[in-house]
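Here come two complexes built around chain A, the first alongside chain B, the second alongside chain C.
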Partner chain A sequence: MEKKMGVYICTGCGIGDAIDIEPIKDLVDEEFNISICKEHPFLCSPEGVELIKQDIDNEGVNTIIICACSPRVNQDVFFFGPDKIVERVNLREHVAWSQEPKDEDTQMLAEDYVRMGCSKAKDMELPEPFKAEQEYSKDILVVGGGLAGMTAALEVAKAGYKAIIVEKEDSLGGFLKKMKKRVAPPYEDLYDTGLEELVKQVNDNPNIKVYTSAVVEKTSGAPGLFSVQIKTNGSVAEEKVGAIIQATGWVPYDPKRLESLGYGKFKDVITNVELEQMASNGGIKRPSDGQSPKNVLFIQCAGQRDSEHLPYCSSVCCLVTLKQAAYIKEQDPEAVCYVLFKDMRTVGQAEEFYKKSQLAGNIFIRGTITQIGEEGGKLFIEAEDEFLGEKIRLEELDLVVLATGMVPSSQPEETPKMKAPEGAEDADEEGMIEVPPDSGFYAKPALNLEYRQGPELPTLRYGFPDSHFICFPYETRRTGIYTAGCIRRPMETARVIDDATGAAMKAIQCVEMTEKGMAVHPRSGDLSYPEVNLQRCTQCKRCTEECPFGAINEDEKANPLFNPTRCRRCGTCMGACPERVISFKNYSVVMIGNMINVINVPEEEEEKPRILVFVCENDAYPAIDMAGIKRYKWSPYVRFIPLRCLGSLNLVWIADALSRGIDGILLLGCRHGDDYQCHFIKGSELATVRLSKISETLERLALESERVRFEEVGISDYWRIPQIIEDFMNTIEEVGPNPYKGF
Partner chain B sequence: MISWNNNALRDVLKEVDYAEEIYKCIQCGMCAGSCPLRHHMDYPPRKIFALLRTGNIDLVLNSKSIFLCTSCYSCIVRCPRGIHVMDIMHGLAHYAIKMGKISRKNTATFGQEFWKQIYKRGRVDEKDLSRRYFFSDGIVQGIKNALSMADMGIIMLLHGRMKLLPEKPIKGIKQLRIMLDKAEQESRR
Partner chain C sequence: MEATNQNILVVGGGMSGVTAALEAAEAGYNVILVEKRPYLGGKVTQFYHYFPKLCPPNCGLEINFKRMKQNPRIRFFTMAEPVKISGKEGDYDVTIKISPRYVTEKCTCCGKCEEVCETEIDNPFDFGLSKIKAIYLPHEFAFPMRYVMDPSIVGTEEAKKCQQACPYGAIDLDMKEQVFDIKAGAIIWAAGWEPYEANKIEYYGFGEYKNLITNVMMERLAAPNGPTDGKILRPSDNKEVKKIAFVQCAGSRDENHLPYCSGVCCLASLKQALYVREKNPESEVTIFYIDIRALDRYEDFFTKVKQDEKINFIRSKIATITEEENTGDLIVEGEDTHKGEQIRMKFDMVVLATGLVPNTINIEAPDVPKDKFGFILRDDVVKGIYGAGCVRRPTDVATSVQDATAAAIKAIQSISRR
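Then we have the complex of A and B:
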């Protein structure tokens, strides 16, 4: 595309009062040969936009550089069609609102930003959407035929898409088959499970295909292009699907490990799952003599919230106990239920059901069990009662029910092992170490993906597939594969239905956007995708190993095989590549490198240091905008460069910048670790890893490692921005100016 | 060690108004925190409820706390579960007297004498009430009690809160008695 550039400067919102526009106009013309450079006092007004449109029509401008407010606002106003490149220079939040007006340094800052914007626009190309050679499928595979799976399939079918259910048992239903009743909003009563009706709906729906007694043997391909082999009764069927919903549910915690609570020792100690099955198969009886129980004790947190068993709260067991206490009252109104709990946690509106259960005469005791035993055919327990502050003894108990928790079906019984890398400290004698949960090789087989990074979804600490459940529910670390139901987190039936509906929506979104060549999440709608110059690739495998989404496979010679529909366009591969052969049409190593090169670095004598700040576009950049809106002030010597993710930070930029005489480099990225906030999960973590490597290089160049610093910034940390910059400026002042200035 | 006896509670639930509401209690302690007499109680209202649920009725009925309630309503106003804490405390006190367990005899005496006054005259005669209350433990103790309150008695006389002459019954005392009799009948039912 022949570029015709135009620069438009807004002087509203205080920009005109803070800087002189004339020098900027001269600079644009002299340094970048852009003849069209106009100013307007109110660029986002209809008149301002009309000014730009006239130039598009009359002068043939197709690359528009708008020097006004933050690129995060007015995106709709400054949209001139998909065939125009628009670059935004942030003169409002980053200059006018955060710097001294009409100051020499402020003017230099604004000029640098305009230079960077012009340079960026020069290097940017219009992205062309990716289109695979094969035909895209819009069918959706649902693995698991329980409540979540069936609901998801029905929702998919209702929206006019085809769904395929793969269920490992011989009939649909999952855990619902074992359940007698369910509790659901408005939490006033028990309801039928509705299983038969649901199965009938699934079976009658022409858009749903069901495989029972089947497992997914192999899944290859990428979103839109998945090819799934389904093994059923010895034969293998192949299905082409566009997206996958994993709803493989949960398994109860193994009660054999709860011997301290009497399980296995006394016949009348059972789990809540066993009680549920008993209730739905004809009635609750004591296992020892078959009598209907009169005094029943429920022990909550049987293993949950205990670092030796399940370290997390399983969130549904309290409600399940309330429901089962209702079964017992229904069977025998004279029966008494005791509940020994740590905390009653009836999540959401379910508190109503707790109240109801209290009024029904069930007795709730807060405390911890110290002893359980048998006396004359009946059980007794001793416990510390927190309400009374004394020891208590409950006697004549007919039945003790352990409220065990939910374990995701992805959690392996035993942690798998892998070959330890050389020099690993925690390797065993055979040189093996435990696979970490966030590896694709950790979870129990369900999807058998043909991904270089492992056959299953990476999980969080406790085996739940990672989804960042607050910001991005249903998402996993594999694009186009969504989780729903109790595999995501423990939840009750009402929530499972919500969850499955949500996951179905995401899957539909995925197949539709994939067909258009768009990224799904979190850069939804992005048309660019990574392109690789394989001739210069050295097969170092960094991109295939570091991609947080397993988007890149490898061939036998370790060449990277990109799957653009799996890609989320974070650019982590681009940052990882030491040969710099990976680039996007509108985002590349060269582009950012040129932006660094146009920054004006004054001589040492002028005592005007230059600091480069690489900013994560997702959280840190909005935080800086917010600091600008709050009119916080910071040093005029810093230059912000937004990055798609800090994971796309290529070390060559740091080397370039330092060799140009820039005094310090600050990276502002998201929090990483267990409570990560990174939109691309691993990006900011990878940036810190790369940074630890550069400090050695810096020392070798006789440059102090303090010149490069990483800071974690959340989106709500805007108030810290001036402090972070000031601290870094002080460090740079102590270290002194960069000796490479002027070389 | 406190043993649990669920059966012992059945009579209390029958005899005491609102007693079934103890099951609603979430043991937050708001009642105890709101009670102005908390510091004089052996068990705070929260613990009374916890003990009741264990079926240890004797501990509850022998507790001073149930006689100390002054009907200030703070607990009822603040209880997040809307339990009639005050009514239950009074109910328990009545039940304790009925079972012959009076942990604070003077409270019970005062209450009974107060009631008699109301029934007799429709109003309280301060002289008569205090005389009967002070001397309920014998003449020597009565003189001691009276002297300890002498200052307050003088102030009340000066302010006209207590008269030297005996109080007369109110107008329509007969109708009031009919009402009171009827109320008592209702509560016994």
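Then we have the complex of A and C:
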């Protein structure tokens, strides 16, 4: 579009007291040729906004530069329609509230920010939403036909969308088929599993199509455009879907590994899964002689909470045992159940069921088993009783039930291996290393994605493809693919239902947003997407390797193949690209580069250093705003540039800035490592990796490595901002001015 | 075919309510959100960190508010609450009451009013552990970012002084309570929870002893924007806390108080033990508990906390807490059920791990199934009004968000059903 720019400066909130407006008006005109530049004492008031609207109507202004408060506030006030570009220059929090008023350095700071804003607005274009050539599908594929899968499909269908279930067994139901009863809210009793009714609802729903004895052989494409090959009974069917819910459930922990608890050694030592199956198939009997058991011991945490087996808690086994003790009592009211446990974990209202179980006469022993054996056809155990503080012995046991835990179906039996990168220390003799869980090549086959970064969802520890985010529990690392139920974490049936219901929400939301060309979380609604100039691409593969969401495939010549509907718009690819061929309409290497270029770098004699700070706009930027709100003061020599994510940081900016005489570069980004906080998973980590490679550039320029620094800043760390800046300023002072000034 | 109102009403603007509103709006539905407080974000805004990542709640809220700012499908009202609901699925009439804020949307947060205001009130954000001016920004990250005037000064000279100091004419002392009706096709009740009132547990003496605090107060002590700037100091004399105890199940799992388990207090205390250890490296922590309920992968967090030798776990239901004269130290007594011995231990400060009480539907409204504690049940029989988050079960943030996401599709089904 033909741009007609207008600059509007607010003098309220102390801005007018802190800086002179006239010189700013002059520079806008002289340096950027923008003839419209107005000030208002209260720009966010109806009168102030009207001033801008007048210019839009009468002067044809379509690119509006607001020099006022932080872009975090008044977004609605300064919205002039989707066809207008609005750029915000933060003269309040980052200048007036944090700097000495009417100081020469404050004035220079404000002027630089206005320059940077004008330059950015000049380079920015309105994003046009991506629209694929193929037709979009809004159908949802649900892999797994157990409780989670059936629930998800039904919820999708009830909301008016179509669902397709792929179940590997010959009938729907999953583990529910093995279950006799459920224990569920309000936890006052045992309830029917509801399996038949659920299967009937699924089969009767015209919006649900079911494939049984079927597996997903191949999934290609991207959200809105997935093409799925389903192998079923010897033939292959193809379905087009918009989003995917993986609800492939769990498998019991292999009890053969629990020989120390007598499994495999004594016939009457069974697992909770085996007991459940017996209970639903005619009754609970001793495997050795088929008698109904009188004395039953349940051993909790049989493998769970044990670093040798499953280090995590399986969360449902306490309730399952209470339920199964009720089965035993129901079968034989004279029978006695003992429960040997570490902590009884009946959270929330489930505590009710624990109380009920205690009242029913079941005997709870807090302790640890030390020995199990057989005597005269009956079992005995010895344990440390924590309450009595002594060793106890239980004899004449008819049955010992091991409360074993849940393993996600995604967890491979053996960790797959891959070719080790050069120089890897932990490589084996054949040059192979174990695939880490957060790789797309780790999990057991379920989706068979045709993705350059692997066929399955990356997982967390123990193989759960769950979200790492507390606030965003449905975020997987593959756009449009959500997980539900026990594949995510061990959970009781009531929670499985809720979880699958939520996953259905995310799936339909994804197909709706995809159709409109919008990004899903965390840049929800963003219409921009990366465009690549393939002619200048050198097939270095950095973008395809580094994309945290596996959005980019490769052709046989290693050219990147972008899938815009898989993209989260973080710009990591843009930051990774050494040839600078990837850009967004409103965010590009050139755009940020030009912002750096308009910063006024004073001569060395003036003793006014310049520091460029690249700031994560999600966390560090709000932290700086808060520091401003608190009226903290910091050096007027720093210039903040917000980035979508530090993952989009392109090293060329640092090289350019340093060669222009900017004295230091500071990066403020999110915590990385195990408890990473980056909303784009790997952004801040990648930025640090790239920084480690900056030494070459610094050497070439004969500059000190201290000139570039990364600091982790969380959103609540606003109180650290002045100190971080001061420390860096001190370092730069020690290192001395950049010799490239004036070149 | 009956007309179905296409609005979804969300009651409560905490983590659950904000999530439910956003999830529905981003799928293309219109949402009206009402929040009782002057800002969105709910209880988690007062928390220092989340378990197990020890990350700040504002991080996720910032993203959510960003989503909200750019989504025209969500309208929200603060200081607002429903007072009556009538009708049925697809067609509800809801009466909403908005309390006067006395500050209009003209407020720029410049802070001039606060500078001239001299009256101080107990800071609700800090559970009364600090004072705040009677015209105030509730907290730094408040969204919407706008001041609020405490009603106690309305009608006084002080209020007029604030009004005169405002350069933008943003203070309206004639603002009145507003009551109006809206229509909605479905309602999500996400009104959250309140801490169990600790003074009801008489044998602990909360309210009598200054150094006996609750777990939610502990969050404020640890927060950098709290009453002690993030230093863990005890209230009686601002002494750095060296010996601290956490008393689990303070009211929870107790027939005389809350018979249910509050679900998150174990993990909250494990987290707070780390706050203390991190901020006061010399400190020693003792956790008195019945069962540590760190479900699923939270077990890793428990394992991590246990590795700190200065954090001791004693299995005991504490019977009494008394204050030592002169020192303000607290004496904790009970039985160590592991060792079978009587405990009598002295601490600088004691934290009661109090439980969660649901803010259930307590206004005139169509019948919604609840359990005997007031938690809202979700069944397939009663449709149209759905609970989300801690009104359904006492639970952590991630589960609340999951649940709120589920409630959103239920609400969508209610308005697209006919």
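Things to note:
Quick note on the criterion: the second predicted complex is superposed on the first by the 735 of 743 C-alpha atoms of A that agree within 3 Å, B and C clash if a C-alpha of one lies under 4 Å from a C-alpha of the other, contacts with A are read in each partner's own complex, and residues count from 1 in each chain.
In this section, a contact is a pair of C-beta atoms (placed from the backbone, for glycine too) under 8 Å apart; a residue touches a chain by one contact, two chains touch by 3 or more.
Computed from a predicted model, the values in this text were never measured in an experiment.
In the three-chain model built by superposing on chain A, chain B clashes with chain C.
Within the superposed three-chain model, A:Lys741 lies out of touch with both chain B and chain C [touch as defined at top]. Of the two partner chains placed by superposition, only chain C is touched by A:Pro185; chain B is not. Taking chain A as the reference, the larger set of touched residues comes from C, when chain B and chain C are compared. By the touch criterion stated above, A:Cys471 is placed in contact with chain C alone, chain B being left untouched. Touch criterion met: A:Ser315 reaches chain C, while chain B stays clear of it. In the superposed pair of complexes, A:Leu359 makes contact with chain B only, with no contact to chain C. Residue contacts after overlaying the shared chain place A:Arg639 against neither chain B nor chain C.
When the two structures are aligned on the shared chain, A:Phe387 is found in touch with chain B and with chain C.
After the shared chain A is superposed, the part of chain C among 57-65, 273-281 or 327-335 that runs into chain B is 327-335, by C-alpha clashes.
Overlaid on A, the two complexes show chain B and chain C touching the same residues of chain A, namely 355, 387-388.
Touching chain A in their complex are the following residues of chain C: 15, 22-24, 26-28, 48, 50, 52-64, 66-67, 69-71, 106, 108-110, 137, 140-141, 145, 167-168, 223-225, 229-230, 253, 259-263, 291-300, 303, 315, 337-340, 371-373, 375, 377-378, 393-399, 401-406, 408-410, 412-413, 416-417.
Within the complex formed with chain B, the residues of chain A that make contact are 295, 336, 338, 355, 358-363, 366, 382, 385, 387-388, 390-395.
Touching chain A in their complex are the following residues of chain B: 1-4, 6, 20, 23-27, 46-47, 50-51, 53-54, 81. If you check the complex, the residues on chain A that touch chain C are 12-14, 42, 44-45, 69, 73, 75-76, 155, 158-160, 185-186, 304-305, 311-315, 343-352, 355, 386-389, 460-462, 464, 466-467, 469-474, 489-491, 495, 498-499, 501-506, 508-509, 512-513, 520-522, 524-525, 618-619, 622, 626, 629-630, 671, 675, 677, 679, 714-719.
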